[in-house]
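For reference, the structures are reproduced in the following blocks.
The following pair of complexes shares a single chain, chain A, combined with chain B in the former and chain C in the latter.
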Partner chain A sequence: MVIEIADVIISGLINGSVYALMAVGLTLIYGVSKAFNFAYGSFYSLGGYIAFLLFSLSFINNYFVVFLLAVPILLVFGYFVEKALVAPLRKRDDWEIKVMMITLGLALFLDNSFQVIFGSRMKSLPPFLEGGFEAGDFYLSHQDVGIFFLSIGGILLFRWFLNNTRTGMSVRAVAQNPAGAQIVGIPKEFVFAATFAISTVMVGMGGILLAQKYFITPMGGWDILVKAWVITAFGGMGSIKGGLYAAFIVGMLEAFVGWYFGMTWTLIVLFAVLLTTLAVRPQGLLGKWG
Partner chain B sequence: MDHKRITFLLALIWAVVAVLPLFFGGTNFIMHILIMCLIWSVVASCWDLIMGFAGIFSFGQVAFFVTGSYASAIISAQFGIPPIFAVFIAGGITAAIGILVGLPCLKLKGAYIALVTFAVHMILEPVLKGDIGRALGTGGSRGLLTIEPMHIFGYTFTTASPVPYFYLMLLVAVICSAIILVVIRSHWGTAFLALKDSQEFATCLGVSAFKYKLMVFALTSFLTGMMGGFYAHYVGMLSTRMLGIDLFVTLMVILVIGGVGKFPGAVIGAFITIAANELLSPLGPYRPITMGALVVILVLLLPDGVVGLFERLFSRKQHGITH
Partner chain C sequence: MIELVDVNAFYQDFHVLKNVSLAVEKGQIAVMLGPNGHGKSTVLKSICGLVEKVSGVILFEGDTITGLGSEKLVDMGITYIAENRELFPQMSVLENLKLGAYSRSARAFEKENLEKVFDLFPRLRDRRSQLASTMSGGEARMLAIARGLMSNARFLAMDEPSLGLQPNLRDEVARIIKQINDQGITLLVVEQNIPQITELADTLYVLEEGSISFAGSKEDALGNDHLKEIFLGM
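Entry: the complex of A and B
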């Protein structure tokens, strides 16, 4: 019983950490540019498939090289998606709904391209660490520990980027006041594209990390989109700290509900909690209106 | 577009559609597609009303449609109510659910509303497939396979001869679009415009955002649920596959092609999209890719849809005359 609960807590923590990485990405785009990205889940699958493709090359056999190659690919991809699809819509009055529509179209395009290119069968990635800690019945794989620390590391790196680099500071400035940021000479368009690119990297990384434990499927991203979305709304859209708390709460909730009531109930309970939170606090845990 | 032109355009569309069976009446396959066009034109118009006119980012339209179709099928099967009445009861049930969903949404903004309504969509599948759904009679993951066909005054509509059902659907679509038109023309429509432009200012002038937004939720979910019922009794079987992303995107493509907030646009969009979807079917697995690419390209090139394009051409001409 105790071991079981410990297992549940660990699985909640690990999923929570990866969710945090992905939710921070989603909340970042919303916080900075007020755009909602429906293709976010497809970018998750894209990350997984890029890693899968890289591993299928004979000379690549460790995750260090994969990360080194996947990050620039995702960064460039995200940047161009923003520049080509989202930026032209920004001039319009009803651009919010137009952005939702165009990213939904992009999601459909990407998901079905994956289906055609890779087939609908599940793809898996090799675990990046073998073995595990053992103590009696208790088992903790090195892989899980690695995923946890990589996700947390990613978030900390992102935090460092926001607080200490020039680009990071301009991202924060644009999030606070787009017009003011532009007056003092911050290139707003570049910041929008850069945040989109960074969030693409974050969710793509999440895809590579989780694909080792679960699998990559063409439509698997929708589940992730909904979860990341729930977490960002729960924590408050645009609030990174709120997203972090919410990610761990959702990870734990999911693990415990899945263990106690069965997996089919997780989504229902998740939404029940979300609706209750939004009924009491419409702006989410730590969100602000505006 | 002014109201007179909307009315004229609608009348023209329905008149053209009404004579189509003269050419295609013999081909059941084409009649079936036309019936689907009629059903989706109403559902898409409702979505346009709530999203384009009222400015509420509701993503629960497919969920309301599926709720209505299941409700109608279950009511007619379990209580022996004739389908023609069951359809309206299903509309009522869907409207009640629409109000329930609408209530929390009124406190929320933009993307949050999209999330809550999309959540309804996501939850519906496990609910319909799970124990709760099975207790209600949804047939679990197998779905409902034998739904009573629609019959009025002893006449039964069958899929084997779809022309009569086509005219029934045409009648329903005409009535529904008339209702939507009346809503847009009445002080509801003006209130929505005011609320969309500036909610604070409109509320100060005494326009109740709460009342109007709840009313639009109730109305659109009633009509959508009712269309779901008509769909269920026509097709004769239901499964949760409708909740997949395909249908949702098709509905979105209809709005993109027709133009958001350009009312008869959704009707035109429905006919173009459903027909294009069928024409693209030889592409097999490449069809959804093409649809996705089409959405992206159309949003970029034709942001106001077909109707927007016409408006642009028309206003340019007018421009030339006045100068």
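Entry: the complex of A and C
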């Protein structure tokens, strides 16, 4: 019993950490440009498939190389998606709705492309660390520890970027006051595209990390989109700190509900908690940028 | 230094500026008066690249700058100081000032300008780590002006610095504008609640219904019956 609960807590922490990474990415786009990216889940699958493709190349056999290549690929992909699809809409009326529609279209396009290229069967990635810690019946794999620290490391790196670099400061400036940012000469369009690109890396890396434990499927991103969305709304739209708390709460909740009631109940409980929270606090846990 | 020739500006389909022509000489202070809602802010924003639809010719030191975006113009030395301040609320005073020096040309002078700005506004030095959102109206106004100065601008377009300011701070604002000008910065100021600022003007402009209805010196203005009537009630 004690060991089972420990396992559940560990599973909640690990999933929570990856959810946090992905939710921070989603809340980043919303906080900075007020756009909602419906293709976010498909970017998660894209990360997994990119890693799968890289591993199928004979000269690549470790995760270090995969990360080294996947990050720039995702960055460039995100940047051009924003420039080509989202940016042209921003000048029109009701652009928020139009961005939702076009990213929804992109999601369907990507998912179907995955199906055509990779087939509908599940793909898996090798674990990036072997072995684990053992103490009696208790077992903690190195892979889980690695995933946890990579996700948290990614979030801390992002935080450092926001607070300590010039570009990071300009991202916060656009989020807090777009008109003010324009006045001091910050190129808003570049900041929008850059944040979109960074969030694509965050969710894509989440895909690579979680694909080792679960699988990659063409439609697998929708579950992630829903969860990242629940976490973002739960934590407070545009609040990075709120998103962090919410991600770990959701990770834990999912693990405990899955263990006690069965996995089919997790989404139902998640939405129940979300609705209750929003009924009491419509702005979410910490509904402010910061 | 700055010259506008037959400038028209639009918000969507609304025609705000109609054939506005004016010129501000290097080292001068020009002040623009006129009723609210007649387009004074739009003149400043058009110069600073903050209005989407502008036609006509805007010259800066002889070069055409019409249609350039604010990131280019700030880099060239043209900066707007907003009437509603447009600060970054969840950032410290220091971060706001550093963002004022965002443009490429201002970066090299960041330290130097920070010292200058702190000398001009000693209170900002004391409050450098305070969040902008927690400042009083007067302090926030000072911060907005200071942030504008951080851009190393040679031309400042200052929009209603008296807005939201206690009357006893008005002298202070006039003194600061004088000091900024003494450093060699050219200014176009929209302001009509501070007579001390009008006193500083080398040139006065009056904007009514989107057109310049008067241009000239203070002395000319005093001899103009129409101006006396609308601004002095005489």
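A few points about this structure:
The criterion applied here is as follows: the second predicted complex is superposed on the first by the 287 of 290 C-alpha atoms of A that agree within 3 Å, B and C clash if a C-alpha of one lies under 4 Å from a C-alpha of the other, contacts with A are read in each partner's own complex, and residues count from 1 in each chain.
Just so it is clear, a residue touches a chain if its C-beta (ideal position, glycine included) is under 8 Å from a C-beta of that chain, and two chains touch if they have at least 3 such contacts.
All of these numbers come straight from a predicted model, not from anything done at the bench.
By the document's definition of touching, neither partner reaches A:F55: not chain B, not chain C. Contacts of A:V116 after superposition on the shared chain: chain B is touched, whereas chain C is not.
When the shared chain is aligned, chain C comes close enough to touch A:G180, but chain B does not. Looking at the shared chain after the overlay, A:M169 reaches chain C, while chain B stays out of its contact range.
Once the two complexes are laid over each other on the shared chain, residue contacts for A:L275 go to chain B alone; chain C is not touched.
Contacts of A:Y79 after superposition on the shared chain: neither chain B nor chain C is touched. Annotation: chain A residues 289 touch chain B in one complex and chain C in the other. By the touch criterion given at the top, residues 48, 50, 69-71, 73-75, 79-80, 82, 86-91, 95, 98-100, 102-103, 147, 151 of chain C touch chain A in their complex. The residues of chain A lying in touch with chain B in their complex are 30, 34, 36, 85, 88-89, 92, 94, 96-98, 100-102, 104-113, 115-116, 219, 222, 226, 229-230, 233, 237, 264, 267-268, 271, 274-275, 278-279, 282, 289. By the touch criterion stated above, chain B contacts chain A in their complex at residues 51, 57, 104, 107-112, 114-116, 118-119, 122-123, 126-127, 130, 245, 249, 252-253, 255-256, 260-261, 285-286, 288-289, 291-296, 299-300, 303. Chain A makes touch with chain C in their complex at residues 166, 169-170, 172-173, 176-177, 179-187, 288-290.
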